[in-house]
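Lettered A, B, C, D, E and F in written order, each chain numbered from 1.
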Amino acid sequence: MIHIPLLIGSIGSTAALIAAILAMFEKDLLKAIVLSGIESIFTAFLLVVLLAPDLLIAYVAVGLGINSVILIYALLRGERYEE
Amino acid sequence: MTLEAIMWYYILATLMGLGAVGLCGMVCRPHMIKKLLMLTIFSDAIELIAVLAGYRISATQPPVYPGGVIQGFVFPNPQEAANFANSAVDPLPQVLIVTAIVIGLAVLLFLATLASQAGRKFGTQNLNKIEKRGE
Amino acid sequence: MIDQILFWFGVALLFMGGVLDVIASVGMNRFRNFYLRLHAATIGSIGGGVYPLVGVAILVLGLDVPSTFKYYITGSALISALIVVLTSPAGSHILAKAAHKSREVLPKPAIVDRLKEKEVNEE
Amino acid sequence: MVSLAELNYVLPAAISIFTLAMVIYTYRVMKGPTVPDMVLALDALTVDLIVLFMLITLYYGTPYLAIGAIPLSAWVFILDIFVAKYLLEAKKK
Amino acid sequence: MKSSTHAAISVTVALIFALTVAIALIKLGFAGPWVTQNINLANMFLTGVPVPHSCCFSASPEVVTSVIWDERGIDTFYETSVLFLAIIGTLYVLAGTFKARPTPEGMTLIVRVISKLVAPIIIVVSLSVALHGHLTPGGGFQGGAIFAVAPVLLLAGWGSSKLLSLGFERDTLLSLRVTGVLLIALTGIGTLIIGLLKGVNAYVFLNQPKPQAPIGYLGWISTPWGNIVLGGTLILLNIFEFLAVAAGFTLAILAVDSSGGGKE
Amino acid sequence: MVKSIYAYLIVGLILLGIYILYTGSVSMMELILGAIVGFSVAYIFTDEWIKKPSKLNLRRLSILIAYALKYFTVIEAKAHWSVVKAILSPKPSLKPAIVRVPYRVSDEYAIVTIANSITNTPGTVVVDVSEDKKALFVHWLFAEVTEDEEARKHISAEFESWAKLIFEG
C-alpha cells in the first residue's frame, strides 16, 4: 500500500516550488506577496506531513501571519511595481 | 529503490530547488521587498530540509508523549518509553528549527522597517533607482 | 449503536463537504469574473469547510480511542469551524469592497450597479 | 465502538477528494489575473487545507497535529483585511 | 556589473549550495526513508525526558519544549535576547514618526464587529497553548505569536487609538517585555544562587536535580486526584516567554502601524 | 472598566467554555486555570462585547439557536443547490447585479447577523454597507428584480425578521 503522507507531501512541495518560481519572476509586488503566501502555506502543510506540530504552530503564526502583515506595511511606503 | 524512497528523494530535490530559487532571487531582483520575500523562501527551504532529514516512514508520532493532561498524567516506565522512541520522529532538527524561525522573524522585522524607512527617504525601494540617484 | 450512528453521520458530512469542495473549485475556474467567483468561494468555505469540520468533530466521537484524543480533535475542529463561519463572510465582503472601490476589478456583466451610482452621486 | 482500523476504508478516499480540490485551487491562485482573485482563491485553499490537516491527523492517529488549524483560520481573515487595506490606501495617493 | 553577470553568479552559487546540502545529507549518514531507528542522541532524549531517575529527566512529556528550555536553555535565552534587540531596533529606526490613528478609512461595520468578536477567542486559545506548553505541542513563543494575531485584527479594524484605549500602551508593553526577559534570566540563575547559599553544586538553567547537582525546581505535585504536572522550570519559563513575546510583537506591530501608512 | 457584573460573568463563562473546549479535558486544575484566563480576558473585552446587559436572557439565546439550526440545514441547502446547478450546467443563465437592500434594524449585532447570513448563502454577497443610508449593497447572482423593496423581499426579509427577534424588540 502506498504511503499517503509522502505522496501528498510531494504534491505540496511541487506546488511550493512552482509558487516560488512564479513569485521570483512576478513584477507586481502585491501579487508576489500573495504567491509567497502560497509557498508558506504549503510549507506549513509539509510540516504537518513530516510530523512537527511545535514547528507548525510557530510557523503558522509567524511565517504566515506576522510576515505578510509586516511586508504589506513596508510595501505601503514604496512603489508597487518593480522596474 | 522503493516507491517511498523515490518520493522522499523527490521531496528533497524540490526543496533544494526551492532553496536555489530563494538564493537566486535574493541576488538578482532589485526591489527590497522582493529580496525579503526571497529571504523567507530560502529560510523555509532550509528548515524543511532539516525536518525532512529527521523523518522516517515507519514513524507515526510527533516527539510528544500522548495523553498529556495537567492533572492525572502518569510518567511512563522505561519499557513504554522505548516503545514510544521506536515510533516517534527525531526531535533534534525540530528543536534547532524553532530557534531558526525566531531569529528569522527578528531579522525580517528589522529589515522590513529599514526598507520602509528607505521608502520614506528615497521615495522608492528599488535599489537600482537609489543607486542611480546617488551618482 | 449510537457510536455507529455518530461515525457514519460524520463520514456522510465529510464526503458531502468533499464533493461540494471539488464543485466549488471547478466553479472557481469556470466563472469568468471576480464577482462571480465570490459565490463559488462561499461554497468552498461553507460547504467545503464548515460541514466537513463538523463532520470530523462528530466522527471522532464514535471512535474507539482514548478520550484525550477524542475531545482534543473535537474541540479544535469546532473552534476552527466557528472562526471560519465568523470570518469568511467578512473577508469576502471587505475584499469585494476594496476591489470595487479601488477599480481593481470592474463588475463587467451586471444588469444594474447601485453602488457605482451611489459613488457617482457623492462625487 | 468503531475501531480506528475501520477509518482506513474511509480516509484514503476523503484525502484524495480534498487533495484534488487543493490542486485545482492552487492552479486558480497561480493563474488568477488580478490580486483579489488570487486572495479569494487562497482563502478557499486555506479552508480546504484546514480540513486536510484534520484528515492527516486522523490518518496518523495522533491528536496533536490538529493544533495548527485555529491560527490558520484566523490568518485567512488577516490577509483579506490587509490586502483590502493596501488596495484602499494605495488608491488614495 | 551587469545584471546578467549577477544572474550567472547567483545560479552558480545556488547550484553549489544545493549540491553541498545533498552531499552533506547523504555522506554524513542522516536518516533516509529506509532507516527504522533514530540516531542515538535522539533516542537518549526520547527515552530520557519523561522517565523518572533517567539521565535527562525534565518532568514533562513534551520532548521538544523540554530540550529547548532544559538542555538548551541558555541558548534559547540568547535567542529571546536577539528578538528583544530586534524590537528595540525597530522602535529606534521608527523613532519620531508615531501618531495614534483613528479607524482606518474603508473598514466597514462588519469587519469591526467581527474582529472584536474573534480577538478574545484567539487570546484564550493562545493562553491555553502557552499554559500547556510542557504537555502538548506549543510553548511560550508559539502562544505569544498566536496572541499577536488579536492586536493585528483590532488594529486593522479599529485603528491604533482603539488598542491604546484597551490598555495596550507603548510604555506598558515595553515594561512588560523587559520584565519578561528579566524573569527568564532570574529563573535561569535561581538554582545557581540557591546552590551558592547552601554551598552545593548547581548549574545555570537547571531544572530537576542531577547526580552532581542535588537541587532543582518542583517537578510535580502528588495529590489524591493524580499528579499535577508542572515540569519544573518549564511552566515558569513558558509563562514569562509568553509575556515577553506577546508584548514585544504587539509593540512592534503598533509601532509599524502608527508610524504612518502612505508616503509623506 | 467593567460596567455590569452580570455581563462580566456571562462573557467570562463563554470564554471559560472556549478554553475547556479547546483544551479537551475537564479536571479541577483545568477549571481553575480556565477561570483565571477567561475572567481576566473578559475584564478587557466585556464593554466591547456587550453594550446593554439588560437584553441578555435565555429566550433570545433559544431563538438564536433555533435560527442557527434552521439556517445551517434548510436555507444553506437551498442556496447551495441553486449555485451548484449554475456551476455544473454547460450554459448557466446568470443575471449578476449589484442591488441595494435597505434594512430597518439599528443594533450592530443585528446588522452583522443579517450581512453575514446574506454572504454565507451562496448566490448573494454583501459588497458594501452604508450606515447613514441604512442599506446593504448586495451582489446577486440571479437578479430577478432590481428595485430596492422587491430585492429586500427576495434576499433579506427572513433574516431580518429573525435578527429583530434575537437582538431587538
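By definition in this document, a residue touches a chain if its C-beta (ideal position, glycine included) is under 8 Å from a C-beta of that chain, and two chains touch if they have at least 3 such contacts.
Note that this is a predicted model, so its numbers are computed, not measured.
Note on connectivity: the fewest steps through touching chains from subunit B to subunit E is 1.
Common neighbours of subunit B and subunit D under the contact rule above are A, C, E. With contact taken as defined at the outset, subunit A and subunit E are each touched by B, D.
Using CA-based centroids throughout, the chain positioned farthest away from subunit B is F. Averaging C-alpha coordinates per chain and comparing to subunit E, the farthest chain turns out to be F.
Interface comparison, C-D versus B-C: the pair with the greater number of contacting C-beta pairs is C-D. If you average the Cα atoms of subunit D and of subunit F, the two centres end up 23 Å apart.
A separation of 35 Å divides the Cα centre of subunit E from that of subunit F.
Taking each chain's centre as the average of its CA atoms, subunit B and subunit F sit 38 Å apart. Rounded to whole angstrom units, the spacing between the C-alpha centres of subunit A and subunit B is 11. For subunit D, the set of residues touching two or more other chains reads 35, 39, 60-65, 67, 70-72, 74-75, 77-78, 81-85, 88-90.
For subunit C, residues that reach two or more other chains under the stated contact definition are 24, 26, 38, 40, 68-69, 72-73, 76, 79, 83, 86-90, 92-94, 96-98, 101. For subunit A, the set of residues touching two or more other chains reads 6, 51, 53-54, 56-58, 61-62, 65-66, 69-70, 73, 75-77.
Chains that are in contact with each other form these pairs: A-B, A-D, A-E, B-C, B-D, B-E, B-F, C-D, C-E, C-F, D-E, E-F.
Against subunit C, the residues of subunit E that register as touching in their complex are 106-108, 110-111, 114, 117-118, 121, 125. Remark: subunit E residues 33, 64-65, 129, 137-139, 141-142, 145-146, 148-149, 152, 249, 253, 256-257, 261-263 touch subunit A in the complex. Listing the residues of subunit D that touch subunit E in their complex gives 64, 67, 70-71, 74-75, 77-78, 81-82, 84-85, 88-90, 92-93. Interface residues of subunit B, counted against subunit C in their complex, comprise 66-69. In the complex of the two chains, the subunit E residues touching subunit B come out as 3, 6-7, 9-11, 13-15, 17-18, 21-22, 25, 30-39, 41-43, 45-48, 50-52, 54, 59, 61-64, 67-68, 72, 75-76, 79-80, 82-83, 85-87, 89-90, 93-94, 132, 135-137, 141, 223, 225-229, 252, 256, 259, 263-264.
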